[in-house]
Every structure is written in structure tokens, then in C-alpha cells.
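What follows is a group of structures, each given as C-alpha cells.
Common to both upcoming complexes is chain A, partnered first by chain B, then by chain C.
And then the complex of A and B:
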């Protein structure tokens, strides 16, 4: 697992979610997942979190996006697609 | 189609009875307990784990999903009891009871519900006890942990009801299992006298309520607690 693979999985899950829910938007590292400009509802984010965890499991890698550090951190890892990728990389010991 | 069923606490007692029932129905059962089981069946998969261990529970549930791609039913059967006067209840005992009964139910519900939400359906059955409704003295920690499960059941039902998932609880009377083996017989008699139907419960009584909760026609039944024996809150 490397940074490129993490981005591939995360982007793929979010694009699938948008496609299935008729959300037309370009996904980039700055795309917000929470906040006033978010592209999905909070329930949608729950679905995406589960799909990302499952997609990593399919690759033989266990991650937990509902950890205390993710949910109660001063800066949320869900503020953008890029920050979510970084958070996952950090959890896997790839990002410092 | 065979249902994929998770039952906690399947080594003995009601959990083992339920596992055998679902297996006889041709379902695929994933059971767990802290110790090994003697249950053998091609459709039975056992994992040794402590239900209050977050990492173990997460891994257990994820691996079931990875194998089956769905989880249809969760039965949070695992539980421990402690009968003490409040003033004689060790803190460690209180923590242990809450960890297994409430935290175990919380963790299993959280991890399984993630996949049920994805699927847009699912059935979760939790366990309370008539000790909650009867405010039994000497069972403060046990009944408090079960009262917390009742509240979890109601709130969770509301949070995931829109995804086609029902969450209910069965509240058994005393049943002749290890759970009550240390309770004096006069205490059991006093408890039975407060029930509308004055007898010990049977495994079949619990199964009957669970069958009702999980049947397809019960998709309009959620957030409910059913007390056995005619105990009324």
C-alpha cells in the first residue's frame, strides 16, 4: 500500500458514490466532505466511510475511520478528500 | 436464501441453542465467545473473542462481510451478570459487567450496522432483562447495563430505521442457565411471584420473540422491548 493506491481507492469510492447519487462534481484533493460546501450529506459521508473501509479490506488492509482521533481531532480528516487520504496514509504509517 | 446470522455468546446456554436453531434452518451462523465451542457444523464458524475488545470485534465483523458480502441478522446474546448489594459491588465488577453487556452490544451494533446500512436492510436483536422493569434489588449493575441497552435499542432504531434496519430487544425472565446459578432459590421464587406467568423462562420463549423480530413481516416493528412472563413496566 502506498500513497498512490490510497488515493486510487478513496477517489474511486467517492466517484462511485457521486455517480450513484446523481452528484455532478469534479473530485479533487480540495473537494470538501464536511462543512457548508460539502458535496454529500452527513449520512452520505457515513456510507462513503463504510465503503472506503470495505474497499481497503478487500485489498487486505484494515483501516478504521471512526477512531477517536478521526472523530474528535481539532482538524477533521474529513474536511477534504486530500486530508482524508493523508489521514489514511498516516494511519498506515505512510504519511508522517 | 440462507441468512447470514451473527450470534454472540454461542458457547453454551441460549446462544448455543439459538445457533443450533438457525443452523437447522439452513442459515450460516457466525458465533463467538471467549472460549472454544464444541459446536460443529459446516455452516457454523466460531471465533474466540471478548465482545468488549474493539479491535477484535471490528476484525470479526469485517471478515464475515468479506466472506459473505452481507450480514442479515445480529443477535447480541453475550452477557454476564453480577448479583451484589450495591454497597458490596466492586468497581472492577461493575466495569466488567458494563464492558461485556453494554460495550459489547454497542460495538457489535456499530460494526454490523455499517454493512446493514450499505445493504439497506437488517435485523438487530439485543437483550435486556425483566430485572429492568422490576427494579430488582441486588441487581443494580446488571440491570443498569441492560437499561442502557434498552436506551441504545431505542435510539439506534431511530438513527438507522430509514435504512430498513430494525433494532429490538427481548427481555427474558430468569431461565435455568449459568447466569442465575448463584441466585438463591428464595430470590428466584420472589421474582417469579411478580411475573404474570409464574414460571422460569425457557430457551424457546426467547427464540419465539426473536423469530417475531426477524421475520420479514416485522419490518414495521423497531425500537421495542418485549418482556417475557407478563412483566409490565
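And then the complex of A and C:
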């Protein structure tokens, strides 16, 4: 697992979600997942979180995107696609 | 706040569900659309809820649960000397609903009554109030009623909340005994606006202005007189605080997480409970769920869950039990207790 693979999985899940929900937007590292400009509902984000965790598990890597440390921190890992990828890399101990 | 209170017992728990059942797929797909309904069900795990009639209040639902408890446990009503009513949907601005229930239930005039205006963490507060009265010798038998008619707080066109909350009433009888309960309760008012009905109180009285419907960017419609929930805010709060709260009461009792045979979490939604479960590294077999069929019933959710699922666990499993409530306030609390001799009666529906 490396940063490229992490981005591939995360972008793929989010693009699938957008496609299935008729959300027309270009996904980039700056795409917001929470906040006033978010591209999906909070319930949609819940399902994307589950799908990303499942996609990593399919690759043989177990991750938890909703750890206590992530949720109690001042800055959410879900503020953008890029920050989510960084958070996953950090959790997996990958140099970025 | 942490505390250990001994020489008490939870004798019995009953519950009541109104007969009107709303199946989300059947009833909401034409209003909110297939994708939204399925997305919501997938995220929350909730497929249906019970709704009270327009003329039915939380105290009515609790009244039925209490009558059931008196009958099943053969309780002399005049032996009840304390009554705690936990709800955010009281009958009146004043008087307290617990006093109204004292008369309606035919309890002694010597009974002490109190309302506790809390939601999802409310059962923990109710337990603490009840056992405190018993511990200091004021009462011997306290009736704890926890109920909610959330359907009256949610705008009919707010699909995000309509597909989460349900209505229920419960009754719990607490008496003198030989058990011990460990409590850990926390409050954080900085999050008061994460789950709120903004108007209708004295800070912002209901008016023509507050009754104006507004559509949010997710398509939910509500007024300021309706319940609002910041879903991600509540989620982050729950995951960030509940696991540690559970560890606190485990530590107070000197139990390890694996000593516990039953974890009864407030039935917020399946995703939140699963995230808490993962943080605590627990297996699903000791975490019962009933939210699929009843939704989030606020302060009633823990006793309703125990009423329905308590008997699925052996007496040995129920010797070490964790109850955990969290939500509006923000407030959160947990109890480590022994429910091995508690009587659980399945919900009555009518």
C-alpha cells in the first residue's frame, strides 16, 4: 500500500457515490466532504466511509476512519478528499 | 461526575410502543425518493418506527408501561414513594408531568415527583436520581418513567430526522437491594446547538417568523419550531466521548471490558454504535440492537432495548452490564450495574 493506491481507492469510491447519486463534480484533493460546500449529505458520507473501509479490507488492509482520536481532534480528517487520504496514509504509517 | 451507589436494585422494566408503525420503504419512497430512503436506511440501520397518535403524549406511553409493570410485578401502588419522569416532550409548560402522572397512576400523595428534561442520555440521569433517593433513605420504591414522542418535534418533510426517530414509553422500578451501580456523567454545553429545537422556549418564542419553512441544502424542510440535528457534529461527539465514558465506569467497578456480558447503548443509529463498538473492540453478540424496528426513541431507548432483549441474555451475562446514553446537551453518561435479578417484560404494542 502506498499513497498512490490510497488515492486510487478513495477517489474511486467517491466517484462511484457521485455517479450513483447524479452528483456532477470533478473530484480533487480539495473537494470538501463536510462543511457548507460539501458534495454529499452527512448520511452519504457515512455510506462513503463504510465503502472506503470495505474497499481497503478487500485489498487486505484494515483501517478505521472513525477512531476516537480522529473524531475528537480539532481538525476533521473529512474536511477534504486530500485530508482523508492523508489521514489514511498516516494511519497506515506511510511516509507522505 | 463519578459515583458508586450501593444497596439498590433495578427490579423490573416494561415498555410500550404505539401501534402505528411507519415502514420507511413503504411510506417514504414516494415522498423522499428511492435513493434517499435507501441511503438513509443503509447509514442508520433503521427501517421503521412507531408513531404516537396526535392525542397521545409521552406521559400516556409511559402510563401504559407503568400500568403493565404494576400488574406484572404485582406492585402495591401505594408502596411507590418516588416518581421520576424523563422526557423532552412534557404534557405542559407547567405543571411538571410527573405530578400529573402521580394522580393518573393513583399513587400516594406522599410520593416525591420530578421531571428530568433530557433526551438520549436521560435514562442515565433518571437512574441516578432514583437510586440517590433510595440511597439517602428518602424513598424505598422509585418508579422511573422514560418516554418520548419525537414525532411531534420533527418536521414531516425533514426526511433525515423523520427516518431516525420513533416514539415509546418505558417504566423501570428501582428498590432497595444488594446491588451496586457506578455512574460517570459528563456535560458540554458548548454543543447545545448541535441538537436543538431553536424556537418555542423563552429565549426565542414561537412566532410567525419562526414558523417559516426553510429547505436546507440536503433537501430537508424544517422551521425553527422543529428539531434540528447537526448529524456529523453529533457523530463526532459520540465517537469522541462515549468509548472513554464506558472505560470510566469499567474502571470504577474494576471490571475489564471482557468481564461485561451485556452492553446496552442508546440506540442512536447503527453506524454510531458500530463505531463505538470498534473503538472498544467488542463483539456484536454482547451488544443488542432494536433500532431497526423502533428507531431512536431518545431517553426511552435503553429501557426499551432491555425490555425487548434483556431476557436473551443469561443471568450470568447480566451480572455485569454497561448502560450508555449520549446526545442532546451535549450530555453523556454510563452506568455499570448488575441486572441479573431484573425482570424484563417484552414491549406491549397497542
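In this text, the second predicted complex is superposed on the first by the 94 of 96 C-alpha atoms of A that agree within 3 Å, B and C clash if a C-alpha of one lies under 4 Å from a C-alpha of the other, contacts with A are read in each partner's own complex, and residues count from 1 in each chain.
As a working rule, contacts are C-beta pairs under 8 Å (C-beta built on N, C-alpha and C of every residue); 3 or more make two chains touch, one makes a residue touch a chain.
As the structure is a computational prediction, the values presented were derived from the model and not from experiment.
When both complexes are overlaid on chain A, chain B and chain C end up clashing with each other. In the overlay built on the shared chain, the residue A:47 is in contact with chain B and with chain C. Of the two partner chains placed around the shared chain by superposition, chain B is the only one that A:58 touches, whereas chain C remains out of contact. Look at A:68: by the touch rule set out above, it reaches chain C but stays clear of chain B.
When both complexes are overlaid on chain A, the residue A:76 reaches chain C alone and has no touch with chain B. Of the two partner chains, chain C is the only one that A:21 touches; chain B does not reach it. Once the two structures are superposed, chain B and chain C can be ranked by residues of chain A touched, with C on top.
Counting contacts by the rule stated earlier, residues 46-47, 50, 64, 66 of chain A appear in both its interface with chain B and its interface with chain C. Those residues of chain A that touch chain B in the shared complex are 46-47, 50-51, 53-54, 57-58, 62, 64, 66.
By the touch criterion stated above, chain B contacts chain A in their complex at residues 58-59, 62, 65-66, 110, 114-115, 117-118. Across the complex, chain A is touched by residues 35, 39-40, 42-44, 160, 217-218, 231-232, 235-241, 243-244, 271, 275, 278-279 of chain C.
Interface of chain A with chain C (complex): residues 20-21, 34, 36, 41-47, 50, 64, 66-68, 70-72, 76, 78.
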